[in-house]
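Please find the structures below.
The following pair of complexes shares a single chain, chain A, combined with chain B in the former and chain C in the latter.
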Partner chain A sequence: MMDIAINLLASIMLAATPLLLAATGELVVEKAAVLNLGVEGMMLMGAIAGFAVAHETGSVWLALLAAIGAGMALSLLFAVLTLTLQANQTATGLALTIFGRGFSALVGAGYVGIAAPELPKLHLPGLTDLPVLGPVLFSYDPLVYAALLILALVAWFLAKTHAGLILRAIGDQHDAAHVLGYKVIRIRYLAVLFGGAMAGLAGADMSLAYTPLWAQDMIAGRGWVALALVTFAAWRPFWLLIGAWLFGAMMYLSLYVQGLGVPVPQAFLSALPYLGTVVVLVLISRDRRRIRLHRPAMLGRPFQANG
Partner chain B sequence: MFSLQPRSAASPLWSWASPLLALALTALISGAIFAFMGRPPVLTVTTFLISPLLATGGLEALAVKAAPLIMMGVGLSLAYRANVWNIGTEGQFILGAIAAGTTALLLPDAPGTVLFPLLIVMGVVGGAGYALIVAWLRTRFNANEILTSLMLAYIAQYLLVFLVTGPLRDPDGFGFPQTALFADAASGPRLIEGSNLHLGIVLAPLVALVAWIVLGRTTLGFQLRVLGQAPRAAKFAGFSEDRLVWTAMAISGGLAGLAGMFEVTGTQGQLSTNISPGYGFTAIIVGFLGRLSPAGVVPAGLLLALTYLGGDAAQINLGLSNAITGIFQGILLFCLLGSDVLILHKLTWRRRAKVAAT
Partner chain C sequence: MTQTPLLRLSGIVKQYPGCLANDHVDLTIAPNQIHALLGENGAGKSTLVKIIYGVIRPDAGETVWQGRRVVIQSPAHARRLGIGMVFQHFSLFEALTVADNIALGLNDAKDRVGLRQRIIDVSASYGLPVDPDRTVHDLSVGERQRIEIVRCLLQNPKLLIMDEPTSVLTPQEAETLFATLRRLAAEGCSILYISHKLDEVRALCEAATIMRLGRVVAQLTPRDKTARELASIMISAELKPAAERRPPPAAAAPRLVLNRLNLRATNPFGTSLQAITLSVAGGEIVGIAGIAGNGQGELMDALSGETLAGKPETILLDAVPAGHLGPKERRRLGGCFVPEERNGHGAVTTMSLAENAFLSGHLRGALARLGLIDRRRTQDYTARIIQRFDVRTTGPQATAKSLSGGNLQKFLVGREVMLDPAVLVISQPTWGVDAGAALAIHEAIVALAAAGAAVVIISQDLDEIFLLSDRIAVIAAGRLSEPVPVADATLERIGLLMGGVSPEPAHV
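Then we have the complex of A and B:
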């Protein structure tokens, strides 16, 4: 019984990590009031870039860099279109996802069903071997810890630093921030690029750690779940963590219950995380006042400096 | 250097020239990508965009692929005009197909004159009903329709998988995830005897025509446009936003369901796990490329139908993956969004700033 519980906790941590990485990136993007719906596409690009580089070079670290680069490249395209050329953010985000799907499928065609090096698991002599605490705390791949660390850094950055204050100001009142002399567009570029890097990393976590292989469309909607997570958390980093565990648990449990052989059709269990996402979104969104209170006021609105 | 100057008013010329510029840019960029992959760029692009039209039966195949894209693109045009971001048409397409397909399987002996109109109704009701869940979640609970409609699209796909691997699976189908073939009566009239040209192919441009009239000439169309362009004005004018959201979702979902119904009854003849090659997402590009205008959606739907045929042609003739369909579609949407900047801006050439003291 204990073993099952420990296994469950560890598995939920693993399932939550790609969601947490991607959602942390999107949180910063949305705090700067940009809505990038292309997370799914950037994750797919990160997943294939990471997997391909790991397979070709044998280095998972180069692979992570490649995944970050792939995510950033796609997010740069998003930034140029929406921030410089003022294109519609919703449409551009969708374009990212459509393109990312096609591109990763084309590049990935040669990588289906083959192996690549996986991210190593942490092994601290003594600590990892501890009962209970070992497997629950000290046995993961580095991205699990990186995700938590980056989230903590982002929380600190947004709440405690001057630069974080400027970012939030741009998200809430870009005209005033502009008048005060802050470079609205430049800062939004940086936020979008950070979001791309995190989505790329999240994709690599999927293809190098969570299910270490490449399969077409392997992100399976996690990019969209990450977007839902940001709304769920009402743009607050701590709640992002709770949400990632909750959604990770839903994703893992649907797999776990399938493995138990319960007499419920597999397709229903597979659909559960998506249904759960809808339910959670509904529960969160119905409180309009709370959403309005926390939502970056300029979210999705274009900015153009006049004169 | 080049710089962008805001125009005083949107340029109607560029609003229609931008898709053409985008198409030209897309051909150039995809040619460059093919060259980079070590493929002859001109041959690959012409194989992709032109050879399908010259092949025997090419135009027929084009019409069959374009019909669902046009129907869904028309619905999305109306919805997006009203700022109702239904991006789950893939799910509504599937539900329309399920509703119609299940009916066809349950009534194998019904005469075509009764069955076929019933299937049309079932398709529309299935798609619209599924879309109205999204409308209800938005108007009642304030839930973002982009995310809910997309999540429901995943759920629809799993529902389809459940049905064709479970209760609706063809008992004589050797375990393949598909239903039995529908009765002949379910496929409706053919435009040309023996061809694949089903009734939906005539209906798609008619739908576009009706939507064009609704959008431009009726109060409903006016209200949808005002809601999209000036939501505050719509509120002051007393238009019910909730009612318009429901209407926009019902129309776009109903048309997606209709498209799904024709796809399974008219083209595929059965339900299976892959009834849609991503039509629902491609229809979003169709809508934007067609300027969110029902009139523009018709040529845009034909062009994107061509990208599916082009992917197949590139796979068969050049040994490329048909995933290039998705890449081409993505690049096309990128280029379109980029060239749309010219609608509201002028591109001017200026000498590098020699700032004169004023």
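Then we have the complex of A and C:
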């Protein structure tokens, strides 16, 4: 029984990490009122860039940088199209995902089924060897801890800093921010790039830690779950964490039930984490007033400075 | 005055596509002066002050600030020079607190040290009470304006620009504002006061610059002129006398009845309607006054059927329960509605006038045949609206967005009036409309009531309410006051009701 509990907790932490990374990035993007639906595509680009660089150079750290760069490159394309050229954000985001899927499959064709270095696991002598606490707290790869740290930093940034206040103000009323002299477009560029970097990192977490290999479409919809998390968490960082952990728990549950050989179609079990997470999140965020209160009022609306 | 002017603009030019917004504008403001900038909608006042505040750059012209030539680069630069601005449509962030909103207007980190206490100090010393910890969406319009003023005062401005500050205030709130402005001027802060309310300007301002169609047409001392003289300088056409006052209609059957209408706001920044009761007879015009954001939008939606009232009996149209019916069914019963926002709500801006006419008129105007658009009848119907209401346009095929605000409003009101409604509800009938078009719209409303329709006007413009209404009610915080006959209504009484104060029963 203890083993199951430890496995469950470890599985939650590992499965939650890529979601948390991507969702934290998208949270910042959406707080600036930009809706980037290309998270899945950017994660795939990060996954293949990270895997390829790790395989070619043998350095996982270079691989992480490459993944961040790949995510940012794709998000820069999105920013140029939607912020500078005023293209529709929804359509551009969808196009980004389609492009990311195709391009990552093309680049990754030669990397299917081969190995690359994995992200090392933390090993703190004494702590990691502790019973129960060791495996639950002190035995993960660095991105697990990074994801939690970044989420905490983003929560602090948004709530407590002046720069975070400006970001929220731009999401709430971009025209008012403009007449006060804030550079709406420039700040949105920075937010979108941060989102791209985080999505790239999330992709690398998938291909270098969670399932350390490359397979076409290996993100398997997690980018969409990250997007849903941001909405159903009503743009509050703490609830992102709850949602990501919930997904992790569901993931473990579906694998566990499959292992027991319960006569349920496997396709249904694979879909369960996605379905379950969304259903639970919808149930806990039914309060429409609260959603509207936290929702960036300008979400998805283009901004054009006209005097 | 021999001292150096605080601000001198000369030869300011700003060209927009298809419109010369500022044509060689000169403006001089002396220290300690309250200076009025007068003009109709579209005269170029807003463009000029945005140039002064650094939001937009002029194409040509010179700006001299305290004797030195400057090019104002940005609002932050303007604030550093000592120019503060209170906007007409407030530049506030609804989801943020008062303190956060004020912090966003302060560029220097050192200005933000101990901000909460300084907000409290400044607001106390000027009699402008604001609570730094409240969220803006909970606040009244008057309170919001105070926040903007406090935000400016925290930077010790030498020039404070106020863009139509009293258009959203009750008469009593306006008096308080004037006292604050006079005190500021006495303490050395000049004020540029933009308005088209002439009495106000005569009472408050020592100098005035009058603009018309992008040009300065006069620079004068407003106290030397009568309001009527100022108006004739400001408005190009000679003012025609307003629509004739009609005798109040004899008692007729109520055509529109609201029976304790309650509606919970779905929008967290909205206002819930509470037990709204009203009865409007055929031939009667009832005006609903109130400060923006007190439930007018929600009331309009409830009347038009965009928000359903739930119980059918809460709204009766010609004695038929209609609370549960959508807009289409209500139109079938004879209800016609003109919402406040012309673009996107009243009209589909990218569609032609004929298509827009069809959208609201196809039921009562019988513009459809076998479920298809009858193009000929729609075209004829649109042409008749254009002709009868003197809509300046190239024809029924012109897109709605090609029309100026006043012309589009004439078209939208005309579209409903032509349908011969039993009940007409109009929100802000002449908002942002020039004097000539306003007159045409007022005449159409009066004629419709004379023909037996029940008319409800929801307006922030008290002059308009007093001019047209047989009875006046006030909406405040989602509650509607008992309507009073216009003869018994005084500006003071209505003003108190707008501020949410119930006056003592009849001590007139």
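Here, the second predicted complex is superposed on the first by the 298 of 307 C-alpha atoms of A that agree within 3 Å, B and C clash if a C-alpha of one lies under 4 Å from a C-alpha of the other, contacts with A are read in each partner's own complex, and residues count from 1 in each chain.
What we mean here is this: contacts are C-beta pairs under 8 Å (C-beta built on N, C-alpha and C of every residue); 3 or more make two chains touch, one makes a residue touch a chain.
All values derive from a computational prediction rather than experimental measurement.
Enquirer: On chain A, which partner's contacts cover more residues, chain B's or chain C's?
Expert: So, of the two partners, B touches more residues of chain A.
Enquirer: Looking at A:297, would you say it contacts chain B, chain C, both, or neither? Reply first, second, both or neither.
Expert: The answer is second: A:297 touches chain C but not chain B.
Enquirer: Examine A:160 and indicate which partner it touches, taking first as chain B and second as chain C; both and neither are also allowed.
Expert: It touches nothing on chain B or chain C.
Enquirer: Please work out whether A:177 is in contact with chain B alone, chain C alone, both, or neither, and reply first, second, both or neither.
Expert: Second partner only, chain C.
Enquirer: Quick one: is A:288 in contact with chain B, with chain C, with both, or with neither? Answer first, second, both or neither.
Expert: Both chain B and chain C are touched by A:288.
Enquirer: If we overlay the two complexes on their shared chain A, which of chain B and chain C does A:86 touch? Say first, second, both or neither.
Expert: After superposing on A, A:86 lies in contact with chain B but is clear of chain C.
Enquirer: Which residues form the common part of the chain A surface touched by chain B and by chain C?
Expert: Common interface on chain A, chain B vs chain C: 288.
Enquirer: Quick check on the complex: what are the chain C residues that touch chain A?
Expert: Interface residues on the chain C side: 16, 47, 50, 53-56, 74-76, 79, 87, 90-96, 100, 103-105, 107, 109, 112, 266-269.
Enquirer: Residue numbers of chain B touching chain A in their complex, please.
Expert: Residues of chain B touching chain A: 6, 85, 87, 137, 140-144, 146-148, 150-152, 154-155, 158-159, 161-162, 165-166, 281-282, 284-285, 288, 320-321, 323-331, 333-334, 337-338, 340-341, 344-345.
Enquirer: Across the complex, what residues on chain A touch chain C?
Expert: 162, 165-166, 168-169, 172-173, 175-182, 288-290, 292-294, 297, 307
Enquirer: Inside the complex, what are the residues of chain A that reach chain B?
Expert: Where chain A meets chain B, its residues are 37, 77, 80-81, 85-88, 90-92, 94-103, 105-106, 109, 220-221, 224, 227-228, 231, 265, 267-268, 270-271, 274-275, 277-278, 281-282, 285-286, 288, 291, 304.
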